[in-house]
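Beneath this line is the structure, given in structure tokens, with notes to follow.
The chains carry the letters A, B, C, D, E and F, assigned in the order they are written, with residues numbered from 1 in each.
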């Protein structure tokens, strides 16, 4: 049997892009639970400087990373949660509507922690893997500056981003305040 | 290895609720392909007469149905696609953004077929399992009329809908033109 | 002192238009509580066949009706709650965000009752005042058919609706499927 | 000199599709004024049963019709006005924002007439060209029923609709209550 | 009789949070008029760094402040006006739709002044109460920096914000660029 | 005959406001093609610091500029394209829906270039007319700083902006972070 119907914990992130810190966190959570709900935040947002990739692309990155790092795809329930612009008080409710039931939330993000705690969830921290290195912000910065970012992500994720010209996308987004704002 | 990175076909539906016709279709597609992308349409819509269940609930139903009917969860990539109200010309693009890459679309719905064909996809029909019986419309009708709908869905889906008081929800929605319209 | 900071009960309606049934309900609730929160639903919607009046107009009608019927305006906390199209699971949360805290909800509407009960509120029924007569649907029907609707609303509300040409508005809305749909 | 900067009158319609009644109206208005502002309503809506064509397609139909019927394209200022769902009180303001300044509005539609009159515009009727025949509703009905609709539209508009498979689109839309609603 | 049906003046603000400057302004206006329409701007926005509180919370603050400072709640007509993102030309119309009729607008904000003046309203300035101190910006800054902000708001507003953990909310919002953006 | 039904090239900009650089570009394109599709971006946005003018005002500026500079209005197909907030992957599709068919896109903007190239269009650069001078950013900066901006725009555009008090609008927008944000 591939998964149990007990309540899996929720792990939420934006995965812009998927990196080794995410894999580290997912493995940590799967070492404590039978399965995991992975909620991809800002699911409808993409092609922005800080949100370059679509939900479909991030889903593909997760699958590639799982394959490479031996995470059992069958234990991972992946969902997407869109932003609720300006009405953030609706956000926890939105997560609840987009996910199977859960009771535990893994997050290090202060405001996410606060919102879920106020709503009665048990919130647990995630042991960081060198946070200043393994973060989407750092990876996007390195891509923009032409520095080496390949060690921060799984090999297959790196190859995938190259194959969809993700580097060029991020750079052209950084120079495009004109049309979209 | 759980799944291949080749392009899986797309199968799209609203799953309000998951029923035996869906399971039949998924098994048919998995008999021809290694994996399947299941796109849950109208993903942000729920608590409407014709769309009673949330994305999270439909996701849970799929998992329960897979467990009961022996479909390998690891072969199924599930995603959600929201409606784009009135701007339907954006819809195929929306599906593309929410999904890993695909080339084949399985659908019997005329307008879906048309939109994807126009966008250059190969569209294939799905052999129906007694369509007049196994359809969301028929199940919601039986629930409203108090007829027996249990044979139309997997046992675990039936039990789950009962446990979340889905029958009461559908009935109260049918009598609520006042507040929501 | 005009009001107490204890939790007032919530009474929700669309008030299209304000009629004697609403006044009856508000008096009933004020006979049991020191104050009342009146939530005007579909607050951003107007100029539709079933939602002809703006929030501002409905607010004005309430004030005029209170003045005429001796309801203490200072005991009434009025707020507006917009619809959350298709995402009805967010609606109770929306009401909570738009209102001072409350614990009791007065409503006869089945789905509203259900949503608030599921969210843990005490829901109480309102004794109807000849519901088939005192309802927005009946009043709008009489206006369309040219029947006498003046006995169903407070005199000042009738005069106000006449002064803003509300009858003409409702009739022209009924014949305008062309432009807006 | 191609046009004058005096205020042209506004003519508003949905043009689903452009037909001989529209051409008749535009010629009538141009017989009284030097130029005309043509506002295409529901500009962002398409691929719906009653709104099958995009703004771009309707713009193309207008150009083709002008070419065929000898209307001077240089005298026609064409703009698009999106719907403002449920907030119809904003609509006149929206038209004003999307158009050069105008003082006269040509329309036969009761609610449009009312809204512009209330906003202080001079509203003038348009002499109909056999309204029961020359209307978008009738043309879409004929297309659905397989009746001859070619005499109701300019030849080039007919050819254009055929070339973009407009007939198939309207028919598949009519049978697609499932996915989009 | 609690209020008159004459046209009350409009006073608009965001009230994030309610402070002594607002009370000063409301008292000033009520010294010149029998009643006042208080429009709470950005009514649907909350849980943002610069808009921390919900409409319901701001409404509650106003009531508490009125009770403390002796302002007659019955003379105050409170309404909420949502933002119209990017389409600011619709905003005055939105205010009109959300409010009883008014002719005078009290504001010191340059762009608000301009929009209402262009729409034909009489715009009057409000005598400031030490603006650099009594402003939402200053209060939120002090909260973030851990400085004493209690002298800037009514005592009951201070207590209420503490009771709903408003300080913690503002601080966690300031450190949460990750999830919401 | 005023225009040909061949596919005109697309030229996209925001025209905030129309300036001599735009006229230069349009003349360049019309020297190579019989007609031009001018797409006004962010069409629904106005009254923002960087997007001060409505679509209607920008349309009027284009007409005035064409009249002054001898561009044949009949050769110019003007359309508007709204933003698709955060879902930029839908934007090319949106342009396609709002425009007659085109194959060539003229743009110097890196991200626009990228999006259209990825979608299979031929993208061509536009020879700049002293870009650091003839740009909307520079003109809005000069207006804010009280420097002379009249040489950068056609005379009639200058007069039109003065007549609608555009300078005052831009300045009041720059000082209005309070209400709208």
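We take it that a contact is a pair of C-beta atoms (placed from the backbone, for glycine too) under 8 Å apart; a residue touches a chain by one contact, two chains touch by 3 or more.
Quick caveat, the model's predicted, so the values are computed rather than measured.
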### Query
For the two copies chain C and chain D, what is the rotation angle that overlays their Cα atoms, in steps of 5 degrees?
120
### Query
Taking D-F as the reference interface, which entry in C-D, C-E or A-C shares over half of its contact pairs by residue number?
C-E
### Task
Could you grab the centroid distance between chain E and chain F? Build each centroid from C-alpha atoms only and quote it in angstrom.
37
### Query
Distance-wise, how many Å sit between the C-alpha centres of chain B and chain F, to the nearest whole number?
43
### Query
Which chain C residues reach two or more other chains?
42, 44, 46, 51, 54, 83, 85, 87, 89, 96-97
### Query
What kind of graph do the touching chains make: line, ring, star, complete, other?
other
### Query
What are all the touching pairs of chains?
A-B, A-C, A-E, A-F, B-C, B-D, B-F, C-D, C-E, D-E, D-F, E-F
### Contact footprint of chain B on chain C as seen in their complex
12, 14, 41-42, 50-51, 83, 85-89, 91, 109-115
### Query
What residues of chain D sit close enough to touch chain F in their complex?
1-3, 5, 43-44, 46, 54-56, 59-60, 63-64, 66-67, 72-74, 77-80, 82, 96-101
### Contacting residues of chain D [partner chain E, same complex]
84, 87, 89-90, 93-94, 96-97
### Query
Which positions of chain B touch chain C when the two form their complex?
42, 44-48, 51, 54, 83, 85, 168-169, 172-173, 175-176, 178-181
